[in-house]
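Sharing a structure, written as structure tokens. Questions coming.
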Amino acid sequence: MSRNRPLVALVVTSTIVFAAGCTSDKPPAATGQSASASAAPAATGAGTGEQSKFFVQADFDAQLAMRTKTPQGDASRPWEQAIDPQMVSTAKYKKDGGVHLCFSNAAVNNPWRQVGWKSMQAEVALHKEITKFTALDAEGKDDKQISDIAELQGQGCDALIVSPNTTATLTPAVKAACGKVPVIVFDRGVDTDCPVTFINPIGGYAFGADGAEFLVEKVPAGGKVLALRILPGVDVLETRWSAAKATFDKSQVQVVGVEFTDGDAAKTKSVVSDYIQRHGKIDGVWMDAGATAVAAVEAFEDAGQPVPAMVGEDQQDFLQKWKDGGLTAIAPTYPTYQWRTPVIAALKILAGEEVPKTWKLPQPKITSDTLDTYLRPNMPPLHYALCGCEEMPGFPENWGGKKS
Amino acid sequence: MNGQSLKQAGRPARPAVAALREIDPTKVIYLALAATLVIGWVLVAVDGGDFLTVETIVGIQQRSAALGIVAVGQTLAILAGSLDLSVAYLISLCSLVAAETMAGRDGGIAAGVAAVLAVSALVGLVNGMVITRLRVHAFIATLGTALIIKGVVDHLYDGPAGSVPDSFQRLGYDRIGPVPVSALLWAAVAAAAWFLLRRTRLGHRIYAVGGDEEVARLSGVRTDRVVVLTHVLCSVCAGVAGLLLAARLGAGAPTVGTDGGYDLESIAAVVLGGTALAGGKGGVAGTVGGVLLLAVLDSVFNQLEVNSFFKDVVRGLVIVIAVAVYARRRKGRQI
Amino acid sequence: MKRTLPILVVLAVLLAAIALVNPFFLEPAGFLAFVKRAAPLVILAAGQYFVIVSGEFDLSVGSLVTVEVVVAARLIDGQESATWWVLLLLIAVGLLVGLLNGVVTTALRVPSFITTLGMMLILSGAVFLWTGGAPRGALSEAFRTFGRGNLGPVPWSVLILLAAGAAAILLMRSDFGRRLVATGDNERAAALSGVRVARTRILAFVLSGAAAAITGILLGGFAGVSAQVGQGLEFSAITAVVLGGVALGGGRGSVVAAMAGALTLEALFTLLNLYGISGALEFTVQGVIIIAAVAVGALRLPAWLAKHPPRKQGDTHVA
Amino acid sequence: MTLLGMRGIGKRFLGVRVLSGVDLDTAAGEVHAVVGENGAGKSTLMKILAGVHVPDEGTIEIDGRPVAFGHPLEAQRAGVAIIYQEFNLLPDRSVAENVFLGREPARRGLVDRAAMEAETRRLLDELGETSFGPRDAVRRLSVAQQQVVEIVKALSVDARIIVMDEPTASLAEHEVELLYTLVRRLQRRGLAVLYISHRLREVFDLAQRVTVLKDGARVTTVPTAEVGPDELVRLMVGRELRDYFPPRAAPGEIGEVRLSVRGGGNGRLRGIDLDLRAGEITGLAGLQGSGRTELVKALFGAEPFAEGRMEPRRPRSVRDGVAAGIGLVTEDRKAEGLALRQSVRDNALLVARATAGRQARGDVRALLERVRLSPPDPEQEVRYLSGGNQQKVVLAKWMTVGPAVLLLDEPTRGVDVGAKAAIHDLMRQLARDGTAILMISSELPELIGMSDRVVVMRDGRIAGELPAGSSEEAIMRLAASGEAT
């Protein structure tokens, strides 16, 4: 052990020197999306650690405000709704005849993206005018997505949809593409306003806050809350946590721990059991993504304890658990129906109809009252309820569900 | 898996039949590459696409440059009978170091490059030292280093950070005709490595150490030194790849290395290129072929919009089959 | 035994350290919970041991575990009745994958590192090709009992672990075990003594596959369906085995030590968790400890190294 | 004048004394033999001279100037070259690359292949070696050719002191002759040759002086002219070893045929007719490459016959062979005979465990005592045993299954005089108990001394058979030209 200390010390220190030493003269982060790194400042708040570098008060306030606004458009088709849109003209993109639509996808490497991807394909199928649909999967590799975007430009696309793998890193590629075709960006954003429209739901702050507020309301003052996070360093997840943190810090609840689970159910269960052991009782569990919600619930069941107030997501297995166990729970969502919108937007743009510059989709949360409307026992465990795909041809089989 | 070559040494020459059966992996891989190109072209044509457009050709090169550079470094390590599982995290680290140091300033480029080379060389040194001085198996040693770097990076960074000046991004985007600068960089690195192995003493000794460390030692080769140097070079290659990726991404990204799967993929590419995993046999030419083959496959799949799961299956099969073909050379060794 | 001792000491120290922070750990329930959690990795490590001691690697176990769970979920699809035949099928799948690894490695002479690396890609690709990208279906309660439920006060997984551990130890005491180690030590000598080298190695891979199947069953039971249940397990397993003082390259080390290595690794995770080391730095500490442990193991005999400098199986080589 | 002087050399491993106060000096143009039983410290002494080990005590002087080697490289620079018993060559590299490994000639920092190959060619010519060239891959060369490469390697350092550790261990008689001429040529060039060998004949043929080591200490250094073989053996083992070989089988002791081949052949062998009888030790002679090893491997089933009849049956695999009651003690103990990092017990029981299943275990300790393993400790790892003891373990391995036929390929190679005698007795004992034994030995005195008859091979055929006690000349003539006397 001692023999290795120097080695490690070398690596660590050198990294810190290079990292911290060089950020010192870097101007503070301008927009919410661009990140700046620095050695972590001291912890603050009620056991919630330091605030994330991603936290931007303005965006936070904006998103929380949006939650109460009524979106414009047909409420039965939330993927076409928009929250106070600033319309932009797209006349210059007007085009007649068949459409060749292109899509650079970050990845399909998790259930959320799987559900969304299937919805998007179904949406494309709905429109006869789309004669060709070319989609490249970057397999979660920034570098590949960059060359994918470049490659697509050579295939005569009429419009390019991009779901960026990461924010800052894809900006150059998207900028380059903007010059050639109308670009539609959704889910994650990029650090440029060159895309015709940027589509996503209200966002991570709202997601995080929804859950946290619920707990603050349900958990008695001084009650113990455990926060579970997938992994550090993912902007979307960071915003969720930072919002939750902001909420908790203002409240009476005590955050006894913030743990990373790698989205691994087994690890989640272990972590939660450890906390139950150590603290005897946990009054609420917050999490930044629902993938491991069920595992967390089970940890309490296996420990023979009542399941406390839970925050999950709109995955079937959690909704099922919620229903069966009559849990006190809430499921903030990051709706997969947003995968339908870009296709619709593209067609609008190519038809010369104006679209919102930033297309904010509504982001409902599932509560005990609305649970039954979203719970679909015939769908696979990791299906996301807010796919907006129930009416689409091929439902439910294409989404892995069974006719019932 | 090895130790046999050593025992071979004391044994009389094998019958000529075995000699006839010998295959030169480098030839095989380039034949396979050509075949893949043709088949790919046909498939895509049938699919109604056009395979050999400038975009795809550039795409192939762009996609393979980073992996190619890492694989060249990995080749050195494997030839010396070692291997390096830490490259993926090192690449992430280096992309960050570069972007942070440059911080968008043209003036920062030199410093950034220097910093990356320094950090990567240091990591290589640590790997080499742990392997030779502490006598830890390379597999574990570099796996450990990988974890260490991962921890540090994740701890310090919450996502893409820093930024490289546009002038540096040109490294990632400019091209001369159909040849991207990044591909040229890769070619340069590969050429350098080829030259090193073929014409320098270190090169000869890398083969010797990989072939049989004990023999090399008794012949007066300072084997530990060779192993350490090899690991430094391997890590520096990873560092260069990190620079390239920083240029491509315009920023440093804490996950770019692992998302790219550069650790196992580089090893796969090297072995695909006919370099013996046990060391002492093979070379850079093969590795380049291996990387290109993977890239072309990727590109074909892209054109045909094959989903990534199917790709993995094919990749896996290709790698195993290729190595099985090379393995026929070692026939006649078994009892 | 003398090779097993160091790791047992380390393990004891770690367990003591845990107990220090978390007294509940000393109660039967607390300790059993720990063993229950560790069981899957320990069994996987035992399987990996057979392969490593025969001089090979098995990198495919991680994705094999994922395959097992995903397949189980889709086939059982919530029907209790399906549980039993699916369980049998899962074991069969594990055996089959092991068999393939073994045959390709021995008959086609592909280095096992590559064989199993390829298998890793093939498996993870194939299973999601089959389920269309994400897991479907659900596990039955009966299925989950093995990883989750208890028999009286004792978790099933602990009982399964004990059974598997005992089996592994007996196996290594048996003729097969000795032949396996001899093969890993000197293939030619073993072959010229009448050992069916290829068959022996294949059997090692088959055992590893079976272990992965059991691990999958336990993990699926413990935590339910997940797309990434097996992620990185192959490295954890290999690390565990090496921590136990088993030499990569084959021919030395005991299965007990390998399993102890796995327990140690699990204890390490728990400890880092208890001491609340930052989510990220945890990896750094882990990396340092692994290198250190193996280094110390290697440094125990410097004089010996001077006398017999490492040959090909020496430490700086991938076996 | 003295070229090399080693004074009071001492060395311990793990606190065990392996050398103490050893003196050794040699002059330019001298062939100086170093003899002693295995474990006497010969190899360690030489490895110290070659910079592989650092001595705990003592000094080394070259030309009267004190030197200290921390690494083989430094020894090389000082003009010391060593040719190890097991060759140190890279099979996948060319001859030239092997010769200059670690000392590649360079111009402007770049390896100068042309110079490298030219120089190798020159040295090969000098040794009159034309059967292969600098660019050939070592993998392709025969054992003898590989040894020439080793010698060229030594010459290329312009070594002034060349250490040869058992150089003839793997050579056939006629190759030994070649080696002799090489050594004498080196001697004429004014080099000092330290010649380690178990074969006393070579010592007397080549060396002017001989240093005897025993238990890590020097017994004496004497001019070879002043001692006789028996004297030397006594100095080495510290006891008289009269009656070197056990008595041959009396006619009555030779029983029925245990194994017979008619027209056996495969890639390397043609028309093999051979009978092996219970109680008989058959010697198998022949030049390197005449097919001796191939023959025993074919009889055993490791490299099976493709044609011909064989009684009781023709083995198609090693397991067939073992099942047919055949055992093979291979030529290369370390590579083919033992799992070095396993215990004596595990090695001794390997065959039984591999083939015989549960039975045929018996009492390991008794077995080890029977093969006179000293000490008979079943838990010891075999790699820590002397060559002689290791060979005894290999024999024990086969005795567990009590084979009807035992094939021994160079059973006493690299084994010290004491163990050699033990192994010889054991062989005869096994024969008496009814085993049919076929023994290959390149050491003709041994072959003649042990065999009840000698079968001679040539070009993959059996050239003829000679009765017990035939002369070396008769055997050589048959082996070389195929003419019987």
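By written order: A, B, C and D. Residues from 1 in each chain.
Here, a residue touches a chain if its C-beta (ideal position, glycine included) is under 8 Å from a C-beta of that chain, and two chains touch if they have at least 3 such contacts.
All values reported here derive from a predicted model rather than from experimental measurement.
If every chain is reduced to the average of its C-alpha atoms, which one ends up farthest from chain C?
Most remote chain from chain C, centroid-wise, comes out as D.
Identify the chain pair with more contacting C-beta pairs: B-D or C-D.
Pair with more contacting C-beta pairs, B-D versus C-D: B-D.
Where the CA atoms of chain C average out and where those of chain D average out, how many Å apart are those spots?
Distance between chain centres, rounded to whole Å: 43 Å.
In whole angstrom, what separates the CA-based centres of chain A and chain D?
72
Counting in whole Å, what is the centre-to-centre distance of chain B and chain C, each centre being its mean C-alpha position?
Chain centroid spacing, chain B to chain C, equals 28 Å.
Among the residues of chain B, which are close enough to touch at least two other chains?
Within chain B, residues 5, 7, 130, 134, 145, 148, 152-155, 212, 214, 217, 307-308, 311, 335 contact more than one other chain.
Any chance you could list the residues of chain D touching two or more other chains?
Expected reply: 302, 318, 335-336.
Which residues of chain A are in contact with two or more other chains?
3-4, 8, 12, 108, 231-232
Run through the chains and report each pair that touches.
Chain-chain contacts present: A-B, A-C, B-C, B-D, C-D.
Over in the complex, which chain A residues touch chain B? Could you list them?
3-4, 7-8, 10-12, 14-16, 18-20, 22-23, 25-26, 35-37, 39-40, 52-54, 107-109, 134-137, 139-144, 146-148, 150-151, 153-155, 165-172, 176, 231-235, 238
Over in the complex, which chain A residues touch chain C? Could you list them?
1, 3-5, 8, 12, 108, 110-111, 114-115, 117, 229, 231-232, 257, 259-260, 262-266, 268-271, 273-274, 277-278, 291-292, 294-295, 298, 302, 317, 380-382, 400
Under the touch definition given earlier, write down the residues of chain C that touch chain A in their complex.
Residue positions touching the partner: 22, 24, 30, 33, 37, 40, 73, 131-138, 148, 219, 222-229, 231, 270, 273-274, 276, 279-280, 284, 288-289, 291-292, 295-296, 299.
Chain C touches which residues of chain B in the complex?
Within the complex, chain B touches chain C at residues 1-7, 78, 81-83, 130-132, 134-141, 143-148, 150-155, 212-214, 217, 223, 227, 264, 267-268, 271, 277-279, 307-313, 315-317, 319-320, 323-324, 327-328, 330-331, 334-335.
Would you tell me which residues of chain C are touching chain B in their complex?
55-56, 104, 108-115, 117-122, 124-126, 128-129, 133, 187-188, 191-192, 235, 238-239, 242, 247-249, 278-288, 290-291, 294-295, 298-299, 305, 309-319
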